[in-house]
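The data blocks that follow each hold one structure.
Each of the next two complexes has chain A plus one other chain: chain B in the first, chain C in the second.
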Partner chain A sequence: MEPLLRAHGLTKRFGPGCPACLESTGAEAGSNRCPHCGTVWACRDVSFVLHREEALGIVGESGSGKSTLVRMLHFDWDSTSGFLEAARIPALAEALPDLYPDGSPWSRNLLALDRFRQRKARDAGMGIVYQHPQLGLRMGVSSGGNIAERLLSAGWRSIGAMRARSASLLERTEIPVSRMDEPPRNFSGGMQQRVQIAKALSGDPPLLLLDEVTTGLDLSVQARVLDLVRALREELKLSMLVVSHDLGVINLLCQRTMVMKNGQVVEAGLTDQILQDPQHGYTQLLVASQLQ
Partner chain B sequence: MRARDWATGDVPHSKTFAFLDEGAKKDVRRALLKAVAIPGYQVPYGSREMPLARGWGTGGIQVTLSMLLPEDVVKVIDQGCDGSVNAVNIKKFYGRVGGVGITTDTALATVVQTRHRIPEERMRADQVLVLQVPCPEALREVEPSEAQTRRMHGEADYARMWLHLYEDVVTFGEIRISYRYPCTVNGRFIMDPSPIPRWDVPKLHMADTLFLFGAGRERRIYAVPPHTRVEPLEFDDHRFAVEDFAGKACARCGARDTFLDEVLRPDGTHQFFCSDTGHCDKRMR
Partner chain C sequence: MLSIENLSKTFRLHMLGGLEVPAVKDVSFEVREGEFVGLSGPSGAGKSTVLKCIHRTYLPTAGAVRFASRRLGPVDLARLPEGEILELRRTEIGFVSQFLRVIPRVGALDLVAEPIRHRLDVPLDEARNRAAALLDRLRIPRRLFDAYPATFSGGEQQRVNIARAVGWKPSLLLLDEPTASLDRHSAETALQLLSELRDEGCTLLGIFHDPELLSRVADRIIRIGGEP
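Entry: the complex of A and B
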C-alpha cells in the first residue's frame, strides 16, 4: 500500500508548559492537565501513517484528544509542534507548486505553511464532516450554496457548473435535488449530515476526515449514513480518518485503529486485532464496555 | 475659536494652513502613501475631530485637507450635485481654511471630493478624486467581526463574499447589489468602492486618475492608484452590468449617456435628470 499522509509528533498544548508536565500528564498519569502549571496537553506526540484508500480509526473517550487531532489535521487549529507531510498528489501539486521540494515524494511540513497555503491545501486535499452540522454548514445558506462555498474557495466562477456539481453530489448523498436551494436548517439531522458529506466531497478530495459523524443520530439513520460513507469510500477510492467513540463504527469502516487516552496514543494496530485481543488496559476496558 | 465664527465667516485664517495641524496631516499622508502602495488595502489612521459630524464626509475632508495646496481648485459634489447643502458647506470650508479656488466644472478642478458619485467627465492624470466612505469594509455584509474580516483580507479568504453573490443569483436570479458593488483591486483585495452606483464602477478600472477613499467614522483610508485593475465581482455566467437607462434621456440637457435620477412630479409623471449637475450645466451652455 502506498502512503498518503504521515504525521509525526503532533502536539497541541493549551498553557505555558513546565518541566514537570512530561511525567504529570498523559495516559500513565491519567490526566491531560498538568497539576503543577495547569497546562492542558490536548494531544501529545501523535504519529501515524495513513495509506491510500485506507480508513484509519481513532477511538477514545471524550477528552482523549481525538477531535483536537482532526482539527489540527484540517488546519482549524494551529498545532504546538509536529510534522504533517502529504505524499505527492496531483491536485495538491497543482494548487501549490512549491509544496514539494525538488522532486521529493513528500511535501514540506503542512503545519508550517501560512494560512493562505493551508487553505489551498485543504481545498485541494481534504474534506471534513463534523459531529455537529452547525460546525460544517452555514444553516442560513442554501444547501447548494454550502457545497458551492468550497468550490468558490477553490476558484470556481461559473454558477451553472457549481450547481451541476452540487446537484450530482446531493443526488449521490440521497438528498432530493429539488431541495437544493433550501437551507440545511430545514432538514432533519440525518439529512444535514448527508449535506455535510456532500460538501466535504465537493472538491473531489483524496482524504476525508470524519469526526463522530453518527453521534447523535438515531440507529436507523446511523446505519444509512454509514452505508453511504462505505459506498463512497469504495466508489471514490477515498482515504479516511474516522474519529469515533463508538467501536461499532470503527469496526465497520476501518482497517486500522489507534486508541487514544489523555492526549496520547496508547495502542495502534489492525482493527480486528484491537477488538479481539486488546493489549492495553484502557483498550480492554473500552472493548469490555461495548454494549452487546 | 468659537463655533459661531465659522458660521459667520469672521475668522480670517486658521492657525495652520488647511485647518489640520501638521501632525495630523503627516498621519493622513503616511496612511495615503501606504494606501497607494497597497491598492485596495484599508490603512488605519487617527481620524480627527472635524467641524462636522462623523458620517458627513469627515474622512474625505481630512484626505483633501492633508494634500491641499493654495493653488488648488476644488470641486465638491454630493450625489453628483454641486449645490447640495453638504457640498456647499464643505466647499466654503475649504475656501476659508485653505484659500483655494472653487469650481463646479470637473475639467477645471485639481481636486474633486465626492459622495456617492464619480463625475461623468473622464478625469485626467493631473487630477485627484477623493471619495467619502461610510462603510469601508466590503466584507461587513457577510462577517460582523472586524478581527475576522481582517484575517479574511490577509489570507485572501473571499469565498463567503462570493457565496453571498451566489445566493443572490440562486434566490433572485440576479445579483441585487445596486451600490457599494464589491470589486477586486489589482487582483488581490476586495474593496468597497464607496456607495457609488454600479454605473460608476467601471470608471475606476485602469483610470488615469488617483482615487483616494477616506472613512472618517471608521478611521480607514484606502486608494486606487492610476492604471490599476478594478474588477467587479462577477460569475462567468452572470456578468456584472451597469444600470440600464435605455430609452431614457435627461429632461434638461437631453443626455443619453449619463447616470439619471428619476424625479416624480406632482402630477404623477416621471422625469429623468442627469445626476451629475456640473456635467449637465456644461452641456446646457
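Entry: the complex of A and C
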C-alpha cells in the first residue's frame, strides 16, 4: 500500500501548559485537563500513516480528541505542534509548486504553511463532511451555490461550467437537480449530509474526512448515506479518515482503526483485531458496551 | 508454506482486574503447499484461536507464524505490519467463519462476485457469472440472488459465505467451521468445492464440526492439545 498522508506528534493544547501536565493528563490520568494549570490537551502526540484508497477509523467517546484531530488535519484549527506531510500528488504539486522540496516524495510540513497556502492545499487535497451540516454548508444559500463557492475558491470562473459541475455532483449524491436552487435549510438531515458530500467532492480530492457523518440520523437515512460513501469510495478511489463513536460504522468502512481517549491514541490496529481482540482496557470496555 | 512455531495466545481482561485467560500455549505445526489440513481437538482447545492468530484477527502473545508469501517472500504473520497483512488478505490469505459477514444492502450474487471482481481483476459480468455458477452448485435458488443474505436462513448464509470465500481462489484459505449449520448434502457439496480448490493449488487449513466428514476430505489432521 502506498502512503498518502503521514502525521507525527499532532498536538492541540488550550492553555499555557506546565511541567506537571505530561503526567497529569491523558488516558492514564483519565482526563485531558491538567489539574495544576487548567490546560486542556485536546489532542496529544497523535501519529499515523494513511495509505491510498484506505479508510482509517478513529473511535472514542466525546471529548477523546477525535474531532479536534480532524479539525487540525483540515486546518480549521491551528496545531500547537506536530508534522503533517502529504505524499507527492499531482493536484497538490500543481496548486503549490514549492510544496515538495527538490525530488522529495514528501511535502513540507503542511501545518507550518501560511493560511493562504493551507487553503490551497485543502482545496486541492481534501474534502470534509461534518456531523452538523451548518458547519460545512451555508444553510441559507442555494445548494448549487454552496458547491459553486467551493469551486470559485479552487479557481473556477465560468458560471455555466460551475453550474454543470454542481448539478452532476448533486445528481451523484442523489439530490434531485430540480432542487439545486433551494437552500439546504429546506432539506432533511440526510439530504443535507448528501449536499455536504457533494461539496466535499467538488475539487476531486484524494482524501475525504468524515466527522460523525451519520450520527443523529434515522437508521434508514444513515444506511443511505453509508451506501453512498461506500460507492463513492470505490468509484473515486478515495482515501478516508472516518471519525465515529459507532463501531458498526467503523467496521463497515474501515480496514484499520485508532482508538482515542482523553486526547491520546491508546490503541491502533486492524479493525477486526480491535473489535475481536482489543488490547487496551478502554477499547475492551468500548467493545463490550456495543449493542449487538 | 505455513509454519506455526510455539504459538501462544493469552487474553488479558482489564474489566476483570487484568485476569489472564490462556487460550493456546506453545502450538507448533507445519502445513505444506497444496495440502488440505484439518485441525481437531476438544472444544475450548484453541483451534479457532490458532486460525485467528494466523489471520491476525488476534494478536499472538508469543511465537511465530511463518508464511511463504508469493508477493512478499517469507514473512512472520505474527509481527508483519498491518498494511502488509491487509495486502496479503487482499491477495493471498482468505478466512471463512461460521458467520456470514454481510455487507448491508448488498445482494447475495454481488456479495460473492465482489472479491472475484476486485481480487482477480475480472470484469463485472464475468465475476457475476462465476458467482452464479458457485451459488448454483451450492443450491442457492436463483430467485434469491438479488436478495439480501441478512434475511436468509443460517444454512443459506453459510453457503453464500463459502461461495464468497472460494470464488477468488486465495492461495491459503483458513476455515473456521464453515459448514456448522449445513445439512449433510450441502456440507458434502461445500467440501467438494474445497477439495477442488485444493486440486487447483490452494492450501487449506480448517476446523470442521463433523470429524467423519473431515477425515474424508483432509490430507492430514493435526490435533490441538487438551488442556492449554
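Just so it is clear, the second predicted complex is superposed on the first by the 292 of 292 C-alpha atoms of A that agree within 3 Å, B and C clash if a C-alpha of one lies under 4 Å from a C-alpha of the other, contacts with A are read in each partner's own complex, and residues count from 1 in each chain.
As a convention for this text, contacts are C-beta pairs under 8 Å (C-beta built on N, C-alpha and C of every residue); 3 or more make two chains touch, one makes a residue touch a chain.
Just so you know, these numbers come straight off a predicted model, no measurement behind them.
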Original post:
Looking at the overlay, what does A:9 touch: chain B (first), chain C (second), both, or neither?
Top reply: neither
Original post:
Is A:1 in contact with chain B, with chain C, with both, or with neither (first, second, both, neither)?
Top reply: second
Original post:
Of the partners chain B and chain C, which touch A:159 in the superposed model: first, second, both, neither?
Top reply: first
**OP:** Please indicate which partner A:116 is in contact with in the superposed arrangement: first for chain B, second for chain C, both, or neither.
**Re:** first
**OP:** In the overlay, answer first, second, both or neither for which of chain B and chain C A:145 touches.
**Re:** first
**OP:** Considering only touches as defined above, state whether A:63 meets chain B (first), chain C (second), both or neither.
**Re:** neither
Original post:
Does chain B (first) or chain C (second) touch A:270, or do both, or does neither?
Top reply: second
**OP:** Look at A:223 in the shared chain and tell me whether it touches chain B only, chain C only, both, or neither; answer first, second, both or neither.
**Re:** second
Subject >> Interface residues, chain B side, partner chain A - complex >> reply: 151, 154-157, 159-160, 162-163, 166-167, 169-171, 235-238
Original post:
What does chain A use to touch chain B in their complex?
Top reply: 114-116, 119, 138, 141-142, 144-145, 148-150, 152-153, 157-160, 162-163, 181
Subject >> Interfacial residue positions of chain A with respect to chain C in the complex >> reply: 1, 49, 51, 54, 223, 226-227, 252, 255-256, 269-270, 272-273, 276-277, 279-281, 284-285, 288
Subject >> chain C residues within the chain A interface of the complex >> reply: 11-15, 52, 56-59, 82-83, 85-87, 103-105
